[in-house]
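Below you'll find the structure I mean.
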Amino acid sequence: MNVDKKELMELFSNKRDIVLMVDGLKVWFPLKRGLSDILKGRPQRFVRAVDSISFFVREKETFCLAGESGCGKTTTGKSLLRLVPVTDGVGLFRARKETLEDLKKNGVNVDGEDYVDIFAIHPKKMKPVRRDIQIIYQDPYGSLNPRYKILDILKEPLEIHKFQLTEEEKLETVYRALETVKLKPPEDFVDRHPHQLSGGQRQRIAIAKAIIMNPKIVVADEPVSMLDVSIRAEMLELLQTIKRERGLSYIFITHDLAVSRYICDRIAIMYLGRIVEMGDTRRIIENPLHPYTKALVAAIPEPNPSNRLRMRDVPIKGEIPSAANIPPGCRFHPRCVEYEKNIENLKSKCPLQDPPYYVAEDGRLVNCWLFEGNKKIEKAHASFIM
Amino acid sequence: MALTAVLEVENLSTSYYTFRGMVKAVEKVSFKLEKEEILGIAGESGCGKSTLAWSLMGLVPPPGRVVEGSVKIDGIEVLNLSESERRKKILWEKISMIFQGAINAFNPVYTVGYQLAEPFIYHKNYSKKEALEKVKELLKMVGLNPEIEKRYPHELSGGMKQRAVIAMALALEPSVIIADEPTTALDVVIQSQILNLMKKLKQDKKLSFIFITHDMSVIAEMADKVAIMYAGRIVELGPSEIIFNRPYHPYTSALIRSIPRLRGPIEKLQYIPGEPPNLISPPPGCKFNPRCQYAEELCKKEEPGFVEVEKGHFVRCWKYDSGKQSSGGAIK
Amino acid sequence: MASLGRTIAVQVVSNLAALIIIVALISALLVFYSQTILQGVVVEMVQEFTRNLARNPALTPEQKAQLINLYQQALEVRFGLVGNPISKVYHMMINILTLNLGSSRNVYMGNSASISSQIIFALKNTVILFFTATLISIVIGLALGLYAARKPHGIIDSLLSFFAVLSASLPMWWVGMLMLLVFAFWNHWFPTQSMPVYFAIQQLSQAYHSGSITTLSYILEYLRTWLYYMALPLTTVVLVSIGGWAYIVRNVVIGKMAEDFVMTARAKGLSERKVLFGHVLRAASPPIVTTAALSLVSSLGGAIISETVFGWPGMGLLFWIAITNSEPMLIAGNVYVTVLLFIITIIILNILYVFLDPRIKTSGSQQVF
Amino acid sequence: MSKRRGSSGFRRFFSDLRRTKVGIVGLSLLILFLGLAIFFPLIGNMNDIKNWNNLQYWRDNPKAAPPCWAVGNTFKSISVTGGENTSNLIERNGELDGFKYISYSFLYNVETQPPIDVIARFNISYSKPTYVYITMERPDGKYISLTGNPESGERTSVLDLFGVDPNSYSGDIRIQLASYLNNMITIRNYIVPWLQSNNVTLQPQDVFRLTNVAFSTLHQELTPNIINAKNVTYLSGKYNVTFVFYSSDKNLSVALEKAIALGGCYGIVGTDNMGRDLWMGLMYGIRWALIIGFSVSIMSVLIGGIYGVVGGYFGGKTDEIMLRTAQVFYSIPVLPILILLAVIFRPSIWNVISMLIIFGWPSTALVTRSMALQIKEETYVEAAKAIGSSSSRILFRYILPQVLPYLFASIALSVPGAILTEASLSFLGLGDPSIVTWGRILNEAEVAGATINGYWWWVLPPGLMITIVGMTFILIGQALDLILNPKLRR
């Protein structure tokens, strides 16, 4: 256990309101090497989908991961459930007591008395933890098994985790879950197949399935982006009521900053596998500091017809590079308008060194050399908890 | 100045004859498109906006068929032309289409250059060399490096493919260009660049667009006039200022108020209860009545007329159809 | 591009490995075969040898016994029955792979006993018959399939699907028997056996060389003879393979018709013909070419039974003759050549596939396998 | 609850199948064939099949005779058994100058064509020398004695005719008149004198020509040069062939087992050159065709299916190895190797079936592998992993149910191939000789040169049955393909 981890665990154990703290998470996918690469002895190249990020989630909090496609937000969400191989990183998670007991039973050394490092658990032994972390997918049509009836979809988690319930109790739990997601009367839906439901109804089933084992954290991967605008608001409201009633936390993944402004407490803007700005959602969107966030906010169209008469000025250049060859130094510098403006005093930093995390006035974190004067966070450490 | 209409659509209806029953995808749609104007057509999934686009070109994919109505482009009635006449004189010369970048609008086995050159070769019978020159110009015009004409579609990024599709649509400088969800599959930064490009091209080349999308913010970004579609019908049509600031139709106002905003106060988002309409057995009367908070007996029985409540602003709702009921003014 | 080279290399290696494994299988089978069957043949020949030896009074019994013994050993060596099985399999594999097949006991086809020349002779005939028949059925099938695909579920389409279903379950050799019955027996238009085509050709060339007929009539006569002997087998093969082939083309084309770029092409004002032949057919060409090449090459194996029924001197008949006359090396050579051609075609196809479908050139993932 | 899910799946499945036109045709044909296969003992008779190889059993049938419906004016077989009171049989017995005699007169009516043979089987027992006298009475009243006529003092012993011990014997005896008459001695002794007595001019070489037409000549109109007359006209009317057995043994007993006037045609589909009733062979062939077809296709599809799904799902090394082995199998020319194996091991039908399975599974494995690769990428599979389901649960509850409908279709589609290949092997004479299959019937037809002799009824039906059964399964397979989601199969 390296030094950092011990420090982290002390910090985590006395911050009782934090349910999950991730530090230095890396997810690198090895690239298939051509014959000639092996012969020339070139080093193994990686797609650095998630390139060392750290964040924490409090209880009952909706933490948002935002960014354009390919920025690594979904991979981050999925790595918590070990659906993708984690290359490096610590993930301290305050699981339920029964989960920790089950983990001890099948030979997992539980780090703290009420938490465990989920990235240290062998994927095969992850099963108990899966009760406490659930996921909702973006595509209502692809996330439910087409061959199952709704009853079987909702009963499956109970069967897999061998809840000691009689058939009636299971049916009762399924009915209660359906009522929570406002699919009333439950009897109408239980015997139907997914293809007999509308997009909105299917997404409610997905939510019901996620909360049926009342988890502590739900990773919501773009839950509303494939729904029509008119029913999207209803779904967001449903997610918020469930959070209040069940006291769970959301990791809300989206590319639509307007949605995150409406529903998320804290937000992390991601670019090419790295968090560039993290802090209070409203303050960041209303007054973005990092050049990329500025460009992102400027680019989003507003439902106000006067925009049609003028060009939308978006302070960014070129196109997003592939995650297989990430630019040196600050990964955003080739597209950064601020770097271009004062290239003189930045040319020794931006293209050469990766910027550290600075703390801005309102406590948010910015990963950009422009804020060199501010307080710096030494290690990519989660100790910067505000 | 009297704007000449490049496109007049009167009472257009298109239905799909599936083995499960007749689906009325587009029902009695009428609108005009002026020169150098962008008409935004917005509506949720299944409201018939794509079918409308294909019906304008007379190319409804089977089992669909245009049932009635007239489509005039530059005064020429398109629908009753013979197949070959429409192909030679109208398609791509008078009216062309910008496809959604995500779907493979390009044939994967041909180079991008060849597919852009096809309109010149078939319509203007240019030689391959002449067509290639024109293609290079087109690519420069949309901000692409002319060299990519040698490349294959799968080698282009989403943004580049979208620009190439725009270039293809502008090849013969048609009077009307239909853009069907052009930026839906793109990231927000690339989307803004593509929208800026379309605005610039509209001014430079004096183009008239029909811009189809489900995203109301993008409509606000582009459209001079907006038509809101629901269950195959235009429920409200008017200048975008009116539609966005004082919508008359209950569906339009609910739609506007369900869009989360990036700036300004965070109000509680309104949503529309119920499920989208089933087009095979639609409810009688106004199709929105099951989900409308102002629905009355009349709405459940008869379909309201398409009434011009003020200059260039039409609404299909009993609250404004003076024939039967008299309370005017926008819904707050 | 690098990964493309790697994929093709992997394919070539795996196909060659498949070839070697098959040759090993054949050799093992044939060695076992010679142990059991050929042993019997040797015993017969030795008995026959002893019988006509007994009639010759001049030899003493010891000399006779010695001669018989020598004769038996010579035979065993000749049939490769000597030595332990493993090394025999190994030697046979080497001989097959290097195509030094030696010669067969007597001449079955062509004019020399060397197995390679007989195989070449048979291959020539199979190519003449099956290659042309398959080509014809591909061309007709392509036209039929395309025509049916234009109007899915139309009359032509359902007729074609029915005919495809019918011909997919028709035993080719049975159709051959029917053809012989109708055209050879009842109205004698065609010969019942095609083997004598070579004698007719020989007489023809003698007549030509002796100057008794002009070159033009020689050529006409030459073609007429070939057609006369080949008509029945040719029509049988074409009849049986048209349906299946048209069905494959129809399915691939209908699949491509549903793609989005077809609507784009139509929107651009291209005529239905240009859309079909220009865009759809070109996009459908990779799978069609692959299936065409594979069926062409597998036809090189000749249809063993159909050729036997018609007596057409092709690879199939040669294989059957080799089986009935217990000629292990002839069997091995025949099967080996068929498999070799099949695998070479697969390798060529993998390379060809790259040029047909540009997406492979960059991603290098697609495999004909 | 979950049990019902399985069965409702199947019920929905077959209701879909009925909906498609193709499915209805295929399904009804399948039911017909299954019925014929299972209830064969009712419609055919089993001992025909048991004695298929025992040629004695068939000796009373006409050889290589076409079916009666197809041949217009041929003689229709008539047969009588002893004791049957029919106008075609007259039994007499009694004593005449010291000899006990028992006679059977067999009458048959001829319209345009005479019978090709008259066969009679008796059960006789005696302990003293016994003699036989055969005469034929023609409609024009003429008598021909075909053996020694006792009135003129010649006696033909049962030994000469039946080759049995003349002094005492008890058992069956059988005679075929045509083969008895068509030899030189009988012709010289009885036919030639009779012809000459009816002033028919006979040159020496005519006698030779008589050797294979003697029996039918007896039925011809008597004109001087009937031997080499161009068109033969037969005397129509009632013919009476009488068999008289006389012996000094008082308790001589002769019982007529059967007398047959053999027609030129037989049954529904005719007979082969051994006289076997092809209709029985065809009907029984259905049973073996279905057994072979089903066992090969079900086994090879299941093995291939599971192998492909497991390879596709787990990927990595297992998938790689699986792909290579499937490739090797796929590039083996199946027929030559099968023939080689059949020649070496002379297999029973069950070995042939297992060989077909060994060569059958790779094609299914390749398709199910690509399907598994596709399904594996679906979101709901990842969602299943997310809630902690094990690989086996994902395989059997998520992937297999999706692949299952395709497996049904490919079972149906691979049946014809299996039937065809087995038929081809038996056609080459390498099939299992102990069973009756269509391939074997066709093999015997080819060996007997049926095509060159024009025995269409022997060649056409078996091939037609292979085709129709094959077509049935392909129709069902196509129907299944129609109702499955085709996108998964690409």
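By written order: A, B, C and D. Residues from 1 in each chain.
Assume a residue touches a chain if its C-beta (ideal position, glycine included) is under 8 Å from a C-beta of that chain, and two chains touch if they have at least 3 such contacts.
Quick caveat: nothing in here was measured; it's all calculated off a predicted structure.
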Chain whose averaged C-alpha position falls nearest the assembly-wide average: C
A student comparing A-D to C-D should find more C-beta pairs in contact for C-D
Roughly how far is subunit B from subunit D, centre to centre by C-alpha average, rounded to an integer in Å? 71
CA centroids of subunit A and subunit C: separation to the nearest Å works out as 60
Distance between subunit C and subunit D based on Cα centroids, please, to the nearest Å. 32
On subunit D, where are the residues touching two or more other chains? none
Subunit B residues touching subunit C in their complex are 54, 57, 59, 61, 84, 87-88, 90-93, 96-97, 99, 103-110, 115, 118-119, 122-123, 152, 154-155, 168
Within their complex, state which residues of subunit A touch subunit D. 78, 81, 83, 126-127, 130-131, 134-135, 137, 139, 142-147, 149, 151-152, 156-157, 160-161, 167, 206, 209
Going by the contact rule at the top, pick out the subunit D residues touching subunit A in the complex. 1-2, 5, 9, 378-380, 382-389, 393, 397-398, 401-402
Flag every residue of subunit C that touches subunit D in the complex, lowest number first. 14-15, 17-19, 21-22, 25-26, 29-30, 32-33, 36-37, 161, 165-166, 168-171, 173-175, 177-178, 180-181, 184-186, 192, 255, 298, 301, 304-305, 308-309, 319-320, 323, 331, 334-335, 338-339, 342-343, 346, 369
In the complex of these two chains, what residues of subunit B are touching subunit A? 38, 44-45, 157, 159, 187-193, 195-196, 199-200, 214-224, 240-241, 243-245, 254-256, 258-263, 266, 269-273, 275-276
